[in-house]
Amino acid sequence: METVLERSEKTEQKFGVVDCDVHPAFSSPTEILNYLPERWKAHVRDYAMRTPNPFLGAMIYPRMTPGNGMRRDSWPPNGGPPASDLDFLRKQLLEECGIDYGILQPLAAGSTALNLDLGAAMCAAINDWQIDKFAGPEPRLKASICIPQEDAKESVAEIDRRVTDRRFVQIAMPPRMMEPAGRKRYWPIYEAAEHYGLPIGLHTGAFGYRPNTSSGWASFYLEEHFAASNSLQTVMSSMILEGVFEQFPKLRIVLVEGGFSWLPSLFWRMDREWKRMKSEVPQCKRPPSEYAKESFWYTTQPIEEPENNRHLLDILRWIGTDKLMFSTDYPHWDFDDPRYAFKVPLTPAERQAIFHDNAVKLFGLK
Amino acid sequence: MSAVEKQAPRGRAPSKHVVARTDEIADGAAKLVHVEGRAIAVYNVKGEFFAIANRCPHEGADLCKGKIVALFEADAPGVVRISRHGELVRCPWHGWEFDIRTGKSWCDPARTRVKSYDVEVQKGGSLVEGPYKAEVFKVSVDDSYVVLEL
Amino acid sequence: MNLMPKRPEAASSISTAGAIDCDIHTPLPRRADLLPYLDEYWSEIVTSREVDVLELMTAPERTRPYMRPDWKPDGDPLAAMQKNLLDPLQLRHGILNVVTGAQALYDPYLAAAICRATNDWIVEKWLDRDERLRASLLVPFQNVPAAVEEIERRAGDKRFVQILTLAGTELPLGRMVYWPIYEAAEKHGFQIGMHTGSNFRNAPSHSGYHSYLIEDHISMTQGFSTQVASLIAEGVFTRHPNLKVVAIESGVTWVPPLMWRMSKDWRGTRIETPWVKDSPGDIIRRHVRMTSQPLDLPDDPADAQAALSHLLSDEMVLFSTDYPHWHFEGFDALPDGLPDEMLEKILRTNVFATYPRLGG
């Protein structure tokens, strides 16, 4: 059957959308330096911002569009890279897509800095910058507290400093950490997050300390793109099996930009293995999927598109539509438009939950 | 969202519309035109003109803002041959390739395409006297025009 | 899977008579088992240098999940296998996967010697003693010329039906350094059997090593999916249209999400790998097979069938018990409620279609 689309088929939204994944950008590479103390400004000038990426300032898996993977039509007319111009972002994202709130995911270089002290300073700078440039002037945009997660003590200090500023609605941690997410070295961060009632959002990352497959490094972006979501699987299984949620039962985790179709299979697998191996992990007292269903949320982009669209309805049924939160990933090339991304019929209640209510409730947006 | 092929209303004769002067669209460029409420991308491919629906069937991006490219194919890893220069457009969002001549998606020609429209080039002299609707232009005898058929 | 305890002698509700079990494990051969097949040089090496028990950390046969209590072999392990599995299930064939640590040795010559000796041991101690048995061929991926040599050497023995590798290897399986192995395999009709497990050349996760064995198990699906992606993206299936890769002991339901995700990405990234000419979902349906044990499925039979239907193919699943690993009780090796036509395919048709060397 031919798919020939001519006229727009907008699905009318009666409520605004919450976009749980917006990537703000620097207007120039030096913009963020102005937010660093002199000592670190000089350091970056002299020694660069070094991360576990073979290249300084380039992607090892080149993206498919200029700007390292931006929508071709997202370059602001006044200049600067995509998502660096607040006015254009308001127009092209918030207004055009009917967005009530956008949650900023800065993908902070500070979180993956090899020099941990620099990383802490950079995270603080990015947190200041988010407020100054975006979440301050634009109340629809909400910020994430970026933390240097390999230094748990500094991370908790940064969270303590920001938590009273209600324009921050979550903590941002990269999932490709130096150790699996459930390990005890990260527990002080979870303690702080639970204590303050802040969700932690883990956004898939483009590089990290270890190879992107368990057989070494992939060659192509075609392989790497989906493999990034494997890091979110590790976050889930590690946190659950190490007993993080027994210790911090009110902790809430958001897995960002990994899609979600792989979740049911992972639930079944974790539960099956746990049934026969639970004596290895006594700190995980219940079937793993129970913890997952209580404590994890997921953003929808990049939404999977099964050949038979209706298979997605099975996935939604198995995950539950109360845990999914819509996201666009603006301004990246694999952007999901809220009007057209879901190619399966949703009931009005499901649509309202996924596009609006789940995120409003989780992030305390009203 | 289901995709439905839109036909001209029954009993409606095909209509022709002047949509651009030929010198408005450079070789390798595209122009967005609106004809009877439809957004259409008109391309100049080495002096030949083609028109396809502007809206990408995937998630609605503007194909007139896409990158116009050649066809890259390979029968074996690492051995790429290039053909059909300037005859494909890649959607500005997810990069799906569409054949500008036919509107078919390169990856899924059987099931995914944008509607493609017949276009021809006509001299102003023949248009001034003809029955064609000029959407945008006061037609001048000396220029050449791209005429699109709905 | 239903893990309600059952009396071991109760028959399964599914008749497996004439089926082929695509994943059976022998006890791993130790030095004493391999010495008869090693020359004087290698005998000295393994003896003085204590190369004896080669058991993978990710698939440790001595641990609880790997040994169902009522399947512990006393005495002759072949007799136990016949008594516990081959006879009661009335199997037509069983494919032995000897997932030895030979795959993890660093010394490429030692690896080649151990693989050769292990294959000799498989022939003499197993294949020659029960004509139902078939096997995967051990080849040293860390020594590609020796691997090709071993494939050529065994090509005439049709009881070897596939080349064995792991979900976690030194380089992604699609890499061009391994292409001579696939060329030799396709030439002689061997398929590629990719078994759960890792040689730990690389950490199992993006964040390094896990604390627990259960995590290693759970994360194996990440390995399977990235190996399949590598074989597709590097063009191995473009070069070798007859080659199939069998994901052994993988869980199965990781496959549809991979199909969906890769097919979608491919439409926008096609120019990066233009030798990937078809949608990855279609390539996977043509070239990837999965053994049936264990199955990551929900308890509800209707949901389980829905999950399997997402494959959009009934040709992909191959019957296995994963004997003697502890996945099920009694003989309930397949979930209830599968339609008969599907059962027939899983138990027999798909297996013969996958392995040309089985000669079905």
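Here the chain labels run A, B and C in written order, and each chain numbers its own residues starting at 1.
Convention: a contact is a pair of C-beta atoms (placed from the backbone, for glycine too) under 8 Å apart; a residue touches a chain by one contact, two chains touch by 3 or more.
What you see is a predicted model; the values in this text were computed from it and never measured.
Compared on C-beta pairs in contact, B-C and A-C come out with A-C as the pair having more. Centrality annotation: A (chain centre taken as mean Cα position, compared with the mean over all protein Cα atoms). Put simply, the C-alpha centre of subunit A and that of subunit C have 35 angstrom between them. The geometric centre of subunit B is 51 Å away from that of subunit C, both derived from CA atoms. Residue positions 64, 333-334 of subunit A are each in touch with at least two other chains. Multi-chain contact residues, meaning those touching two or more other chains, occur in subunit C at positions 234, 266, 268-269, 271, 273.
Multi-chain contact residues of subunit B (touching two or more other chains) are listed as 58, 94-95.
Note for the complex: subunit B touches subunit C at residues 58, 69, 72-80, 91, 94-97, 105-108. By the touch criterion stated above, subunit A contacts subunit B in their complex at residues 1-9, 11, 64-65, 71-73, 333-337, 339-343. Every residue of subunit A that touches subunit C in the complex is listed here, in rising order: 64, 175-183, 208-223, 225-227, 229-231, 233-234, 237-238, 241-242, 259, 261-262, 264-266, 268-270, 272-277, 279-281, 302, 304-308, 311, 314, 318, 333-334.
Interface of subunit C with subunit B (complex): residues 176, 234-235, 238-239, 266-271, 273-275, 277, 279. Those residues of subunit B whose C-beta lies close enough to touch subunit A in the complex are 1, 3, 5-6, 37-38, 53, 55, 57-62, 65-67, 92-95, 110-115.
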